[in-house]
Each structure stands twice: as structure tokens, then as C-alpha cells.
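Below, subunit A partners subunit B and then partners subunit C, in two separate complexes.
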Partner chain A sequence: MARYDRAITVFSPDGHLFQVEYALEAVRKGNAAVGVRGSDTVVLGVEKKSTPKLQDSRTVRKIVSLDTHIALACAGLKADARVLINRARIECQSHRLTVEDPVTVEYITRYIAGLQQKYTQSGGVRPFGLSTLIVGFDPYSEKPALYQTDPSGTFSAWKANATGRNSNSMREFLEKNYKETSGKETIKLAIRALLEVVESGGKNIEIAVMTHKDGLRQLEEAEIDEYVAEIEAEKAAAEAAKKGGFCFIILY
Partner chain B sequence: MECVFGLVGKGFAIVAADTSAVNSILVHKSNEDKVMVLDSHKLLGASGEPGDRVQFTEYIQKNVHLYQFRNGIPLTTAATANFTRGELATALRKNPYSVNILLAGYDKGVGPSMYYIDYIATMHKIEKGAFGYGSYFCLSMMDRLYHPDMSIEEAIELIDKCIIEIRTRLVVAPPNFVIKIVDQDGAREYAWRESIKSPDVSMA
Partner chain C sequence: MKKMKVISPILMEVSWVPCSPLRRVRIGPIKVRYRMLLLVFRLSFLSFFPSLSLSQHFAPTRTKPHHRISVSLNLKQRKQREEKRRMMMKLDTSGLESFSAAVPSAMATAEDQLFAPPSFDLPAGCADFDKFQMEAKQTLKHAKGTTTLAFIFNQGVIVAADSRASMGGYISSQSVKKIIEINPYMLGTMAGGAADCQFWHRNLGIKCRLHELANKRRISVTGASKLLANILYSYRGMGLSIGTMIAGWDEKGPGLYYVDSEGGRLKGNRFSVGSGSPYAYGVLDNGYRPDMTVDEAHELARRAIYHATFRDGASGGVVSVYHVGPNGWKKLSGDDVSELHYKYYPVQPTPVEHEMVDAPPA
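On to the complex of A and B.
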């Protein structure tokens, strides 16, 4: 199999594109990121690995806005992310210039995914090593949306999703606990999913909330701590009510 | 016949422009907004070839927005003016834009400023300026009546005097004008001066 992973343009005999799969490995090593879509709110959360003491953490923004109504979080190679985000921002403005309309979330997702796919079918280049979670509100319908792309260039819409480190655990949690939420409940669901895999506390997670009216807002550390405290209290209350051990489902 | 003029006052800048969209002897509309709000604290008043005007000013606006998304902070007025001038200069010896521009903005710490950028990429930082046939009258009025640090009321009075002068003395004077202002609270429309109201056509 090693012969088929050197150049991206080569399929392996059993139909794999190894470079793409290796890129997905890079994503799996990246920081955890989660996105949840509510009825009037979309929330993005990322894990903040411990910042070195001398680093100015304000320059490490993991949730970025592509336009006034679109935001993006990603897991994987951050340098690749910079390039992709830059191209997406240009496309957002270019779209506004040519058709005098802001992009829809699906349009910009399709654009980013298209870029990622291009780099799986060219000579001498490697795929982008990141998966993105794109949230936003469509300009005229005002409906919230959440999309995910990956290094292969596939994309789809989600009610809630996670990527990066331990994304499977987060996704399982979301599948079990997802319900239609709005406002603060959406934020709490996102934080709860992140807390499954991240050390608890406001300084370890970064949360950004987008509403149609107010655009993107990054939550302050203190605010996140408040939510975390609420969640822990709710958890404790639920535990006390259950008054018992955990249920294990053992898979063979 | 297009007139764009403006001045810098105490803590604000004003840009006024006529609002006629004209093609030889036909007036398409009398409420064409030629003063674009570039971003939260910038105004771009433009006159010239209608196609070029819209094309160029929208291009500048989207690039100013892109800068803000890329860098998290807005461009300064001076930087915007230099960027605009640069684009005009680059296009000049290939496909020149026939657009004259008055760019006004408010920057924290610097205050209000105004830039005169003409179609052959001349740029000057000015306190008062005007383009078009109306400039013959406006500049003279402003030379006589302008003084630094005017209040908003004084400035609007001067703008109105310029408009009256244009209406009285210019043979094909545009009937309506729009006045926009930019200060520390942002760029916004201040008033319209209409002597001909566009009739509302009821759909039969």
C-alpha cells in the first residue's frame, strides 16, 4: 500500500486516496471543534489548548468570521486554514460585488469544499489538512445553517456536528442529547458536548454565538464559566436524581 | 452637470452631491445616491461616467470590507484614499476610470479628514473641495465663508448656500441634492434638498 500514497493523483488498487485519508488523520489530531444549530442561534465551540505564558492569546483566533453573517471554525492544520479562510473571505466579497447579494451558507460551503477537492486532483500538491464547520444565516430566509467540509472536499448540512480530536465521542453525545433548541439552550448544548472531551473551564474552550440580528459574538471567559457552572449544577442534580451508577453498553 | 462637494468641520466631515442620473438630454432619475457609505466611518462621494462610478466605487467598497475581515480592524481614511488613488493610477494608462472622488472619513485619534481624488489619480488632503461645473460656484462660496472648526449648523448653512448658488447660476442645474455626514458616531445620511420630488407612480 505504501506505493500508492506518495502522489495524491494515484488511486490505490482498492480505491483509496491515501493522501486524503492521511489528511483526515491530521484533522483527527487537531483541536476539538463543535457546531450546533438552534432555531434562531448557531453556536461554534473550539477547544483551546493551554496557551503558553508568553503568547498573546488574542492573536490566536480559532473562530473567524468570513462575512457579517457567516462564521467558521476548523480542526487540523491551522496554516492551511489561513489560506482557505482568506480565499473564502475574498469569495464572500466578490459574490457581493458581482451579484449584489451576500452569499448563502451553502454557497460558501460549496466554494470551500470545491477548493479542498481541487487539491485532491492536482499534481504536486497535497490536500488541505483541515475540516471546517461553517455556520451562518441565509440572507433573505434568515434561517440558520451549519455545514461541515473535510479534506476530501465533501460537504453536508448538519443539525449538530463535531470534528477534530475525540469528535466521535462528541458526536455520540450530540446524537443522544440533541433536540431543537434556541438561544441559551443552544449554547449550553454546544458547551456540554465540548466538555465531554475537554477539561472543564472557561479558559479551555472558546465559544462564539451567531444570531441573525447581532451577527457573531465571541463569549467572554467569564460568561463561559457561568454556563459551565450552570451545566455542572444541572449534571449534579441529574446524578442525585438518578441515584445510581452508570449504564455501560459494552461492545464486543 | 454633476456636482460633488464637501468640507471638514469640527469633529465631522460632510459630503454633498447632486442626485440626477442623466444621459445626454434625458434625466433617468432625480434621486440617484452618489455618496456611498464605504464602511461604518467613511463616505465616498463620486461623480463622472455613471457606469465607471458604480463599478469603481463598489469595487473599492468591497475591498475595504475585505481588509476589515482579513485584519479585524478597519482601514484608516488615509489608507483608503491611497488605495483608491493607487487603483485609479494603475488603470490610468490602460483603461482609465472617469470617476472623480471626494473621500471623507473619521478616524479615532485623528478626527475627520477629506481627500480629493480626481480621475487621473491626483490626490490631495483638503478641508474643502468640489467637482464638476458646480465647483466654480461652490469653491468661491467656500473660500469666502469657510473657516476651520465650523459647527454642524454653520457647515449645513454653507452647504445650503452652495446649493442655492448652483441652482441659481448653473444653466442645467441639478434639482436635488443629498447631504451625508461622518463623525465619531459613524457615516450616515443627513438630509436631502429636493426641489423636484419624484412622483410616486401608482401601479394601474
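On to the complex of A and C.
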């Protein structure tokens, strides 16, 4: 044990925690994930890498539920994700047992972020290499919520956010096109953001929708293809309208 | 080994021992320890010549033989008698068997008994330790000498309690605050050990406040009572004596829970805790209606506590009544029980005395 009590995460002379920043690099190499909060729906979308033919794709779940009213998607090291998710699930049940109330989204986010921070300040451990997007509905106020945590242990609430590969371009797109949506519009916004960085098609995207009444629902490939088709049609119509207008101006 | 001819051991008694008692000697085909030989001959010697016992040499003054009713005892009977005597004197060292016990008791010499491990009585309570532990706990447990009650009605929760503290037959105080304000919207009642209740209620107040700060919302009555019940359960069996009710108003409306030091936790509409609770229940259950006004509920609670203090010796003092509404708790009244008595049952002049005054002289 003597060999393992040296802190791995130490400050650099100019105030950086390099291990944490390297962990963020690992996150940037992970698959893209996006989350959008609507007025009555929250949507999580994850890029799905092509599954090898012999792999059972059902065992590779990228969007998981922590409780009946909370779901999580993450980008980064999947093994770290598994450990973190297990701890979070235990904490959700433990909270139900001690206080007889389900957790709020903020509480469980705070717990996960606290856990991630603990591993940046302990000896012999490295930080978790993942950022999470946590969505859910508060059991009391029934309002939807979206939170993001990162390897340094900070967390904040968002209206829409993205992590993982090309998250910057996704976030720019969301900033440009975000508006208060509900129901299907929220789903379409999430898919559009993902399509910026991912090849289009139902087999490359995984979407999960959560409502207060129905809980978490993973969309089928066919459904996703439908949405994608709708989005493409809208895009084409928008292009045509733009072109048409241009031609109109030129002609006249 | 030098071969030793055994010459009359009887003579040895008087004079000298030719070799060490532990040495193995041969008598014809048999090889025995010399000690064994000596003993056999000693016993046979004694049986044939009862008067010529060894005591003769130690107490030379006695020359006459022992006068006994039954003189003629054969060897077997004599051996049995000796054994019995030895058994009676012997301490019970069955739990401390050592190698000396493996040797047959006939062989045990005086030295062996001297060096045997000492035996002692086990301390009281060790025979049945569980019963001893239960009895010890019972002596420490003070039966909750108090009367507290709480009930939920349409307008909130009413909490009422007496204010007497007693130690056995001695009334130590008539002005104990038995309703503890955990926070501005939650109350707890005290029954059982005063120190236990006060400490753990204050501890609960700390936890509730921390929950508020961490989660930016007030803790529910359910959560607060669950926190307390979990703490008390972890101290179960260690002698805490608490029978408390947690009453409050949270987002789900009025809440009332009964929590005790055995770790039990019950949700309910009407509770009364303490030695006076049977009397309080009688009045409370009789007069309870969910659609009472605050004043009616107040009067019901006050009357219930009064009746309990009237009949129960461990309850008395001042009746305090609190009301918990949507904006928090408010103390409604604190009336001395003896004054309440005369309010409910004012003194009436008895007719008998009048008669005696007016009786005409005979």
C-alpha cells in the first residue's frame, strides 16, 4: 500500500490539474452525446458506433436509467461509466430508504459530481474519464431538468448541451437553433444536433425520451429513421425556399 | 537395572524404603511401581490390623482401639466409606480438569489435593446471562411517566402534553417542556428519558437544517421521522428510552409519525404516548371529529390531557397545546391542571352541611 499513497493528481506550477485535463481529452475522444430539455420532455441522444457483426448489441447500452425518473448518458471511458452508474443507482435507492422520497435530479448530479471530485483529490487513484448528461423530472415540482458533470467534478444545469466527439460544433448548432420546445419538437432538435456530426441513419443514432408520465423510453430504429426522414425533408424544403427566393431576386 | 529382591514390605513400614517409590520392581512375573506395592500392602495391613494404623506413629498417645458400633468392616466397605468421604470433601473442579483427575481417585495423595487448581463460584448472572441482561435493562428502563398526544384534523395538527417529571414516587419538576420545537414547522414530543429525547430532537433539528441547506427545500415530515427512526434503530438495545411523535406540515399537508426507541415508526392520525395515554385516548377518541375547528380541537386536546393528569400519578403540571398549520406551529395555551380541574368541576356547596347546621336541638 505504501506505493499507492502518492497523489496522482497534483497541481502544476501554473495552477492546472493535468490529470483532470487529460481526462477531459479522453472525454473528447468518446462518442458524441447530446441532451435537450423541453417543457415537458427531455431527450438524450448518443452516437452509436457500428457494432461488429458478432456482438450482441443489446448488451451495449449507452443511455441508462438511474431510477424510474432519472436517466444518464455519458461520453468517455465506458468502464468508468459502469462503476459510476452503479454507485449512483445505489445512492438513489439509499436516498429512498433514508428519506422515503425519490432523489431530485440536482441531488443525484451533486452526488455523481462529488464522487468525480473525490477521485481528483485522493491518493493512488486517477480521475474518472467521463462526462455525464443527467436528465430527469423532479418528483415534487414535476419540472424537467438536464445537468452535465465533468471529470473535474463540476456540474451545472443546461437547457441543451453536448459532450464527446465534436461537442463544440454540436453546442454551436444548439445555441443557434435552440428554442423552447415540447414533445416531438424536442426530439427533432436533438436528432438534428446529432446529425451535424454523425452519419445519418437510424443505426448510427440512439435516442431516449423521458416524460413525467411514461418515464424513459428508448426509440426504435424505425422511429428514428422516420424522424431523420422528416428532418431531411424539412431541410430540403428550407433549401428550396432559400434558392427559390434567390432566383426570384435575380430574375427580377 | 539392579534386580531387587522384595523382602517383606510390612517390615518396610517400620524401617526404611529400599528404593524410590517410582522405581519399577519385579514380583515374579509382574512389574509394578514400588509405590503401588507399598499402597497395596498398606491397605491390606490396615484391614488385618485395624488398630495398627499409621496414626499410631503420629499420635503415639492413643493406644486403645477405636470403639465403634459396627466394628467389623471388611476391606470393600471400608474402601467405599473412604471414597465417599473424599468425594464429599472434594470441591467440584469438573470445569478445571487437569491431569491429576485422570489418575484414579484412589491414587490421589495428599500432595495432589494440595496442588490441584483452585475452584471458585461463578459470579451471579453467569448461569443464565440472557435473563440477567434483560433484568438489568428493565431496571434501567423508566416506564414513560408522562402524557402526550397529537392528532391530525382538517385544519392541521394539534400537539398537547403535560409537564411533570417524576423519578419513581418523587416529582422532580412540574414545569418540563415536553413539546420540542425542531424547526418553525415541525414539533416533537417527549416521553421516556428526558435527556435522550432532548438530545436526539436537537440532533434531528440539525439534520433537518442541513437537509434544507443542501437540497434548497424543507425536509418532509416523512423524511425527518425516518431519519430519527434510523438513528434510534442503530442504538436499539443500548438502553435509550424515547417515545416521541413528530408532527409537522409539509408539501403533502399535515403529517404525524410516532417513533420510539425500539426503532419502530408508525404513521397515523391520532397518537397518545406515556403512562397517562389510556386515559387520554378515552377522551380523545370519544370527542374526535376530522372536521373540528381549531378551537374545538384545542379544547379536546386540553381536556384529554387534563383527564389523564387527574388519574395518572406520573402526569401533571401544566397542559401545553400547540397547533401546526400551513405556516408553522403556534402555541395555543398553557394551563395549570389544578386550575383546569376547578374550571371543569366547580366546587358545589353540599346539602348535607346545611342540614347539620339547621338541625334543631333535640
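One rule holds in what follows: the second predicted complex is superposed on the first by the 234 of 252 C-alpha atoms of A that agree within 3 Å, B and C clash if a C-alpha of one lies under 4 Å from a C-alpha of the other, contacts with A are read in each partner's own complex, and residues count from 1 in each chain.
Here, a residue touches a chain if its C-beta (ideal position, glycine included) is under 8 Å from a C-beta of that chain, and two chains touch if they have at least 3 such contacts.
Note that the structure is a prediction, hence the values are computed from the model and not measured.
Enquirer: Check the residue A:Y178 against both partner chains and state whether it touches subunit B (first), subunit C (second), both, or neither.
Expert: neither
Enquirer: Examine A:Y22 and indicate which partner it touches, taking first as subunit B and second as subunit C; both and neither are also allowed.
Expert: neither
Enquirer: Touching A:T104, do we find subunit B (first), subunit C (second), both, or neither?
Expert: second
Enquirer: Which partner does A:N86 contact after superposing on A: first (subunit B), second (subunit C), both, neither?
Expert: Only subunit B; A:N86 stays clear of subunit C.
Enquirer: Quick check on the superposed pair: does A:R96 touch subunit B, subunit C, both, or neither? Answer first, second, both or neither.
Expert: First partner only.
Enquirer: Quick one: in the complex, what on subunit A touches subunit C?
Expert: 98-101, 104, 106-107, 110, 140
Enquirer: Report the residues of subunit B in contact with subunit A in the complex, numbered from low to high.
Expert: Counting only subunit B, the residues touching subunit A are 58-59, 62-63, 65-66, 69-70, 72.
Enquirer: Quick check on the complex: what are the subunit A residues that touch subunit B?
Expert: 61, 65-67, 86, 89-90, 92-94, 96-97
Enquirer: Flag every residue of subunit C that touches subunit A in the complex, lowest number first.
Expert: Interface residues on the subunit C side: 211, 214-217, 219-220, 222-223, 226-227, 230, 251.
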